[in-house]
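This report refers to the structure that appears directly beneath it.
For reference, chains read A, B and C in written order, and residue numbers begin at 1 within each chain.
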Amino acid sequence: MRLPSRIRPPRLTLARSLGFVLLAAVVLALVSEALSSYNDLQLANGAYYFAVLAGLTLLTGLSGQISLGHGALMAVGAYTVALLIGNEHWPVLPALIAAVLTSAVVGVLVGAAATRLRGPYLAGVTLAFAVGLPALAGKYPSTFGGANGLVINPPTSPSWLGQSFPLERWEAWIACAGALVVLFAIYNLVHSAVGRSLQAVRDDEIAASLCGLRVARLQTLAFVVSAACAGLAGGLLTLVLQLAAPGAFTLGLSLALLTGVVLGGLGSILGAIWGAALLVLLPIWSNDIAHAFSFSTNVTNNLPLAIYGLVLILAMLLWPSGLQGALGLLGLRVSTSLKNRASTRYPVGGAGQERAAARRGGASPPQGREEEEVR
Amino acid sequence: MLEIEALTTDYGPVRAIDGVTLSVDRGSITAVLGANGAGKTTLLRTISGLERPTGGRVLMDGEDIAGEHVEDIARRGLAHVPEGRGVIVELSVEENLRLGGLWRGRDAAKTAEIYELFPALAQRRSEPAASLSGGERQMLSIGRALMARPRVLLLDEPSLGLAPMVSTRIMRLVRGLALGRDLAVLLVEQNARSALSVADRGVVLNVGHVVADGSARELAADDGLARAYLGL
Amino acid sequence: MDWHAPTWGSEGVTKFIDLTLNGISTGAVYAAVALALVLIWRATRIVNFAQGAMFMFTTFIASAVIDSGGSYWLGFAVALACGFVLGALVERIVIRRVEGGPPLNAVIVALGLLILLEAIAGMIWGNTPRSFPPAFSIRGYEIGGTRVLFAPNDTFTVLVVIGTALALRALFQRTKLGLQMRAAAFQPEVARMLGVRVGRMLTLGWALAALVGSLAGVLIAPSVFVGPNQFDPLLVFGFTAAIIGGLDRPEGAAVGGVLLGLVLSYVSGYEGASLVTLAALVLLVVVLMIRPGGLFSSTRERQV
């Protein structure tokens, strides 16, 4: 059911979206000047989170394919950048492009496998991928630096910015530039024929293929695009942290990315922005709360996680459409999403779609869904 | 007996049934007729609790059951044989039948009784219900409903997808059941001729409203009505 | 990549037998976890990512009981009972609200529950892993002079899992309750129309699944130690085993579990423990490419 939105910006053409992005770049640059170094770092973090979340929300929201493995895809980009900059001394931009390409290639492989899989089976494979791929770092410690990972030198800001240009601000600029590239690409992809085709496939594969859409290709494309975004994000992360280590790309990261996408609002670019903000700010806030009281060490150490878990549960129970949906209920949502409802490859309701889902292997939701009455 | 008073059900902004009033006595059949989308299935689903009514009452032997949970209504002795039969294909024929009588416990019918009624099912008792033909599935779902010795029976389009001979046989069977077991039967059918041939009373729905109501004989004889709403 | 061909002297044979037996006993535990996941999937079409955290919690409770003087079997029983109750509570209070909605929401709720339970366990018992006693001796059997890597405790593990699987099968196939639970899982709306209290059946399904999970937790605890995060790999492998077998059939869980256990045991023994997660991924991909619904999936669609 589409929630009514009061404000809808006019659909932006390619040229206008480019203009918007350039404007945003200027605004972000000015904002970064005003922020402290610490906050510039948070801005950088938020920027690369946005990059991966935008791709993930395209994959899961628009294309309806669940992925529990995007942390591993980030790792691919991260290690590519670390190897190219650290060992081969490449400059930043080519290294980032290489990161995008390598993770896109991995995305082709994963995406090709994914076209045959549905729902929990896809989740299982991406989960195994998230856990299995980082094992390579341990198997080849000489190349990948083992558990300690690979260290690179911090990126140096160009001389025309001045000698005293803070490192954190430069990192924020690079990360924001990457985020804006992703924003431009994803926005225009979502609002193109390809974007609409992806949604058509998500909603009813059989009908879509009968209309002539190449289902497998579109699904793989969604994977490749989201993998490229993840790779870019991973590369940006390496630049910001100056480190690529397996400890940064655990299963926990993949799961956190998924929660970010859903909490922010699935399938919408603004949702990806909210999600990125949540992923950066929530740990900080919960840490502050934990240390504000003088609890025992056990409690203080675990309270931030407990808060995070509680937030996830409550958010899903109270606002199933994420922050975007909640804002919509308040009439405040700015709609940037094309979709009518957030659905993964299990259509919610509708006899035709249930039959289609059943044909795909019984992944339809249980019938007889009752109201929220407690029995 | 079953009495429906001014029953109204909405699907969001759409009013599926509006102020429907009818009644069914024990030992009789009332047919609910009308074109596709007239609200016949919604009516049955509201009575059995699958849909929540917006207004009106559903009285079973004097008690208002509107708004109760589906399983509680079923446990009052109301059996609903849904459109598409609702046969659980993963279970065997025997298991489907036993399931129908479980809530009744000791007072439930024995499967032997149902097999006597439907010999074709007896031969397939251990087979998965998925292997049954349409007519056999219809027999299974009716038999399953009878296991709980209901007082009220709702039948949604029993002849759908069945060969005319099979559907006639089922209609006659329903008539026999209504009389022999003192059931109040509410029969939804698109095949108006067939339904009116076994029913005592009839109600015609159009876009959620009752547009005609009377004895089956009167309705069958009314040509204008037949052409307008029943495709006869 | 170095690949050491197994030597086939008597040492090689012993090693192979050891790895096989080890694979069967760890596989039995994966099968139990997979079985719990399959039970919940069949009942409510939700993947319970919080399963590992739930049986971590009940194992902690058992550990607390044993540490404060209770016998092993008392702790064992308490763990199972707590699992049953915890499963019922989780379904009733949390999961009930997201059943039937977008599945991704159920995934997020389960993840939130996982994080919350692990954090609470850390708050109560701390984050340092602690030891847990085995039910029986872990000293391997002596067969013809050599000691195999299979002990009385492993026999217990395998027998208990087999027994549980058989008991569940009997419950589902032969009892009235089992019939109602199956009907509630296959066609909840139709089951309601036949007077089945579907809500209660779903709660019972979760409670049973959590009980089976608790069993798995207690069985594996001696080898992995008890800590808030110690059971995470078990969830990943249990889920992998469930997928390999196909989420709709309990037999699949059993076969998937043992298969995974064997493959991981061989890889760990011949290639090293660091490749174990990669091996799981490869096995999973191979199986799913051949049968996208898991080994025991049927191609028959569900008809309404």
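One rule holds in what follows: contacts are C-beta pairs under 8 Å (C-beta built on N, C-alpha and C of every residue); 3 or more make two chains touch, one makes a residue touch a chain.
Everything quoted here is computed from the prediction, not taken from an experiment.
Engineer: Find the chain most remote from chain A, comparing centres computed as mean CA coordinates.
Structural biologist: Checked the centroid distances; the maximum from chain A is B.
Engineer: When I count C-beta pairs in contact, which pair ends up with more: A-C or B-C?
Structural biologist: Looking at contacts between chains, A-C has the larger number.
Engineer: Counting in whole Å, what is the centre-to-centre distance of chain A and chain B, each centre being its mean C-alpha position?
Structural biologist: 51
Engineer: Any idea how many Å lie between the Cα centroids of chain A and chain C?
Structural biologist: Each chain reduced to its C-alpha mean, chain A and chain C end up 30 Å apart.
Engineer: Rounded to the nearest whole Å, what is the centre-to-centre distance of chain B and chain C, using the mean of the C-alpha atoms as each centre?
Structural biologist: 44
Engineer: Please set out, as single numbers or ranges, the residues of chain B touching at least two other chains.
Structural biologist: 50, 69-70
Engineer: Name the residues of chain C that each touch 2 or more other chains.
Structural biologist: Within chain C, the residues that touch at least two other chains are 187, 189-192, 197-198, 302-304.
Engineer: Mark out which residues of chain A touch at least two other chains, giving numbers and ranges.
Structural biologist: 368, 370, 375
Engineer: Chain B touches which residues of chain C in the complex?
Structural biologist: Per the stated touch rule, the residues are 176, 179-180, 182-183, 186-187, 189-198, 300, 302-304.
Engineer: List the residues on chain A that touch chain C in their complex, please.
Structural biologist: Against chain C, the touching part of chain A is residues 60, 66, 113, 116-121, 123-125, 127-129, 131-133, 135-136, 138-139, 251, 255, 258-259, 262-263, 266, 298-299, 301-303, 305-306, 308-313, 315-317, 320, 342-344, 346, 348, 351, 354-355, 358-359, 361-370, 372, 374-375.
Engineer: Enumerate the contact residues on chain C facing chain A in the complex.
Structural biologist: 1, 41, 44-45, 47, 92, 94, 96-105, 107-109, 111-120, 122-127, 187-192, 197-200, 228, 232, 236, 239-240, 242-243, 247-248, 272, 274-282, 284-285, 288-289, 292-294, 297, 301-304
Engineer: Show which residues of chain B lie in contact with chain C when the two form their complex.
Structural biologist: Residues 48, 50, 69-71, 74-75, 79-80, 82, 84, 86, 88-91, 95, 98-100, 102-104, 130, 144, 148.
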